[in-house]
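Pasting the structures here.
Next, two complexes with subunit A in common: one pairs it with subunit B, the other with subunit C.
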Partner chain A sequence: MAELKRFLIRRLITFIPTLIGVTFIVFVIAAVIPANPAKMWAGGEKARPEVVERIKKEYHLEDDILTQYYFVMTKLLKNEMVSPVTQHYIWDDLKMYFPVTFQLTIIAFFFIIAIGIPLGIVAALYRDSVVDTAIRILALTGVSTPIFWLAYLMIFLFFTRLHWITLAGTPTPPYSITGIPLIDAILKGDLDMLSQILARFGLPGFILGFAGIGVTARIVRNSFLDSMSADFTEYAMARGLTKMRIYMHVLKNAMVPIVTVLGLMFGGLLGGAPITETVFGIPGLGRYMLQAIRNFDYLALVGSVFFVALIYLIANLIVDILYAFIDPRVRY
Partner chain B sequence: MSIAAEELGEVYEKKVLDKLSDAVIGGFVKIAETLRPGWYRRNKSRVDEWRLMAYAFNRSPPGIIGMLLVLGFVLVALVGPYVAPFRYDTPLQFFDQNSYLAPPGTVISVPNSTLAQNFGIKPGNYTLLLGGDDYGRDLWSRILYGARTSFVVAILVMMVGPWIGIAIGLIAGYYGGKIDELLMRITDVFLAFPGLILAIAFSAVLPPRISAFLESHATIRSLLLTLFALEEQHAGAMAYLVSVVVALWLVWWPGYARLVRGSVLSARENLYVEAARALGVPTRWIMIRHILPNILGPVLVYLTLDFGGVILTEAGLSFLGVGAVPPIADWGRIVYDGANFFPNAWWLVFFPGLATLLAVLGFNLIGDTLRDVLDPKTRRSLEFKLKKREEVVEGE
Partner chain C sequence: MSSCDPIIEVKNLYVNFYTYAGVVKAIDGVSFRICRGETYCLVGETGCGKSVTAKSLTRLIRSPGRIEKGSVIYYRDGKPVDLLKLGEEELRGIRGAEISYIFQDPSSSLDPLYTIGYQVAETMKEHGRVASIKEGIRRAVDILRTVLMPDPETRVKNYPHELSGGMKQRGVIGISLSNKPRLVIADEPTTALDATVQDQIMDLLKKLKAEEDLTVLLITHNMGLVADMCDRVAVMYAGRIVEEADVFELFANPKHPYTQALLRAVPNPMKRMDKLESIPGTVPNLIFPPSGCRFHPRCPFAMDICSRERPPDLEVAPGHRVACWLYTEHGGR
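Entry: the complex of A and B
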């Protein structure tokens, strides 16, 4: 445990330069390259000069870039930064948009695991057969499909034709335990709420996870085959274990690369899915960032990118910690 | 003996495709031999490897399908703008009201008028194969032009972005120590970004600067206009496309830096590298001559896969409204504009998306097959079987 603690501290320290780097890059892109953000915030060409002046003062726009950056970051971290475009506290906005994206990611991830892992195992068991080739082509089609296109096709099928899903509103239960409606509804056993949430988020979740299903199937297939040819598998066969038992052993040993890919995927999905959220009109993090970019609201953008990068780093860290639970040989 | 011949004969008989690839490789060897006499003798083993790779590729149906898709895409991108029935910005609505959101297969008639002459359209009846959009523009023509847009964007991105990463990876692996540490930290920063968001941010802020640059550099502007097959008056709209290219340069390198650095570190430990070092070969020469060629395999796979990736990302950016702007024909943008009329005018969403899917799938199929083909184990087993077959044939 002491080792784990040392490892955690060491890793958390390496977060700092990365986070500074990420936010600084976004800050430079968004604050320095476009001309005169104050004018846009004040309402574009028709803006009154005194309003522009006030905004410039309030947001330190005339200081040098390092001072500006320092000002933005400290204000953001203390939650004192108000977006000049939406007039909301940026951190509060993030707290509102993030659970929506989180919920969407959980559903996407459910599809990825429930479909991707079995497909991968089937492909490995029937390696080099027609089934294997079919799964391979399916996986490649998954990563080649434009999500917006798939989304419209599915909307046509499930909304226009079958009327199975809804495309407006975000179902929110009257109670709050974790702050994430999906989890709350499950904890409460509220089936009505759950079905409302799934009717709204099920399809977007599937679309978001679509590319990941194929990627997961491929990685599961390959690492499953690798550990099928390991010595312990032969030993298990020699001992006369049932096929099912052998496959469980194989799967457990194949887990390390699978967990790596899944972990990174989860972190990436949490970073917001602008395309899916745009098509389905879901108020999540991806759309929030897109909106911020469109409005030249770089303060909101820096805040959300900080948040997203932090999530990504934490996902990475959790993957590293999980290794030790999957494979007892791993030492920190 | 005859049993073995039957067994092997079925799968490892040289096929038409094998003869074709033999001819291509043979032609290349002939050219190399004319330019530099003695080239073939020095590079015989390399040429044999190429031949085996081609044979292995020809035995993978997904690879062949991918090759056909990619050849089709490239062909359309090259000749599409010249064979398209209409220009990408021709508003047929001026001539026939029926062309407004016309379903696929609608027949329209263009009367004789000066306006038609200005647009270079001969009067007569035309069939809109894939329908028309809300300006009455012919979707089929716009998809043909869109192939050119995607292709040029992808080529321009792939010519720069990955190579930044490869250079950084080589330098990091080559010098090691503090430089490695610094370069890899920077790479980590870019990897921790949501790539799409970074690309969106770049493409949103760059256009004014790019536009100014294009205005002052007439040669580059006209070159790009020719490449994208655009009319002179749409140079302003082109600035947005160029911004996407620059944005993708800036986000498309970190993966390559990681990959190349890792490969350099492990390739450095090979015996032949040690031998070269013992012989006193300069480190730089070792890097370029002995290490780089041996790590290019995985890089080539990623380059192929990413060619599709760039097309997909560019379409995504345009779909979000930050890439191509009207009237440029771009697959993502056509869907973005057409989505307003969905599901009534489904063709405006369906066909451009399908075109994107097919083009990207082609590159992914090839890349995935290349991964197998470049694996030395695949080639060795093929070589073994080919030799076996020759023996069998001789034995008879």
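Entry: the complex of A and C
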């Protein structure tokens, strides 16, 4: 365990340069665009010159880029940065939008695991059969279907025709344990709340996970096949092990690449799902970022990017830790 | 050959592989029997069907391979059972318990994610020899000691990647012998190991064979090992057994042109040789195997009949059979 602690510390230290690098690149791209942010923030063409001047001073817009970057980052991290567009503290906004996206991600991830993994296993077990071909076509469709198109089709079916889902509001329970309504409702056993949340988030979660289902099914199929044709599987048969036990060996060996893909996918989904959130009108991180871009609110954008990068790094770290539990060859 | 108490008898085995390129006739009418207590060798070049034969014995052939016909009679406590017709679950009870395997590459035979002790233990548990994995791991220490694993108390907790190649193969042998099998099929057990370790592993097999009263089917392409280990030898070429004899008889008096060429191609411990020869031509493509005798395109003594008809199995001396037209009235030898 001492090894694990040292590994964690080492990895956490590498977070710092990564985060600085990512935010700096985004900041530079936003800041060098030849626009006049102060004027836009002050109200556009009709803005009064003294207000523009004050904003320029307040946000150090005339300083060199490194000073600007330093100013933005320190203020952001201390939660002293107010968005000139929304007049909210940016960090507070992120904390508000993040649980919504997190909840959406959990649901999407649930669909990915619950559908993608069994499909992959079935495809591997019935390799080269009709079932396998059907699943592979489905997987390819999943990867290549435009998400917004599918989303509108589904809305048409489930909302307009069947009236199964809701498309407005965000169900929030009166209690808060983790701050994430879905988890809170499950912990409390509040079925009414849960069904409200699922009516609102179920379909967007499925849409968000749709591409992931295909990717996962393909990865699971391939790593399962690799593992089934491995020499140790043949030797396990030669040892006279039961089918169940052979599958245990096969499954565990197939897990390593699956965990990698799933972990990174989770990080990617968490990083905001701008299209899904926009189509379904869900106030999450992805939509927040899109709005920030539209309003030229690059301070909020840098804040979001920082947040997303951090989440991605943490997801990566968790994957690496999980590796060591699955594969004894992995050393910290 | 004196009396033979057979443990397993293969009759007229045919195995095909259905590949995209065509049907590979990998095993084409192979018959042999192994007597209790002996070491029987299958020798031949890579791709001649030795491993496929060995795996067919307990139906370990996987898709796209298929056993087409033939029978494998296993004498279980004197009662013959045909392993090719046995139910899957009954066959599983024989695999690893009565007939066990040692494969070529120990690094890939072992599951990298489980300790060696666990893999020994589960092999015993699955055959009901121990009640729990825990008990099996305790027993595994003794088993690893009998296969001369250094420091078995520590090694039992090691993962395969923490062991050397030789230690891994000792582990595999330990797994294979954990249920005290009657027949051990060693499929090129030392090919993946370096020469000094090869010797140690073969010595270990000899020692265990004597101690545990085993019958061994040894598959190899190494004539040195054949001379060292075997009682009787079958030479395979392109999916058929071309010659079978007592080991002394085979080295002293090889009959089949392929065996003769093979022995001229390796240092023969029984004869002084000035130079090693190679066999002209290449191994045939088994999708379109040569007609008649499969060796005839490379055979220096090929006659008309060789390309037309499959040679019969002839007993040229007691216990010495050869499939070659030279020893019939056509060849006049």
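Just so it is clear, the second predicted complex is superposed on the first by the 327 of 332 C-alpha atoms of A that agree within 3 Å, B and C clash if a C-alpha of one lies under 4 Å from a C-alpha of the other, contacts with A are read in each partner's own complex, and residues count from 1 in each chain.
Rule of thumb we're sticking to: a residue touches a chain if its C-beta (ideal position, glycine included) is under 8 Å from a C-beta of that chain, and two chains touch if they have at least 3 such contacts.
Since this is a predicted model, take the numbers as computed values, not measurements.
Undergrad: In the overlaid three-chain picture, which partner chain does A:I326 touch, first (subunit B) or second (subunit C), both, or neither?
TA: Touch status of A:I326: second partner only.
Undergrad: Regarding the shared-chain residue A:R136, is it in contact with subunit B (first), subunit C (second), both, or neither?
TA: first
Undergrad: Going by the contact rule set out at the top, does A:H249 touch subunit B (first), subunit C (second), both, or neither?
TA: In the superposed model, A:H249 contacts subunit C only, not subunit B.
Undergrad: Looking at subunit A, does subunit C or subunit B touch more of its residues?
TA: B
Undergrad: After the superposition on A, what does A:L241 contact: first (subunit B), second (subunit C), both or neither?
TA: second
Undergrad: Determine, under the contact definition given at the top, whether A:G189 touches first (subunit B), second (subunit C), both, or neither.
TA: In the superposition, A:G189 contacts neither subunit B nor subunit C.
Undergrad: Is A:F232 in contact with subunit B, with subunit C, with both, or with neither (first, second, both, neither)?
TA: Only subunit C is touched by A:F232; subunit B is not.
Undergrad: Who does A:P274 touch here: subunit B (first), subunit C (second), both, or neither?
TA: first
Undergrad: Can you pull the subunit A residues that subunit B and subunit C both touch?
TA: Common interface on subunit A, subunit B vs subunit C: nothing in common.
Undergrad: If we count contacts the way the header does, which residues on subunit B are in touch with subunit A in the complex?
TA: 61-62, 185-186, 188-190, 192-194, 196-198, 200-202, 204-206, 208-209, 308, 312, 315-316, 319-320, 322, 332, 335, 339, 342-343, 346, 349-350, 352-354, 356-357, 360-361, 364-365, 368
Undergrad: What does subunit C use to touch subunit A in their complex?
TA: 55, 58, 60, 62, 92-97, 100-101, 103, 105, 108-114, 122-123, 126-127, 159, 161, 172, 175-176
Undergrad: How about subunit A: which of its residues touch subunit C in the complex?
TA: Within the complex, subunit A contacts subunit C at residues 229-232, 234-242, 245, 249, 252-253, 326-329.
Undergrad: Residues of subunit A touching subunit B in their complex?
TA: 17-18, 21-22, 25-26, 29-30, 33-35, 133, 136-137, 140-141, 143-150, 152-153, 155-156, 160, 268, 271-272, 274-275, 278-279, 286, 289-290, 293-294, 301, 305, 308-309, 312-313
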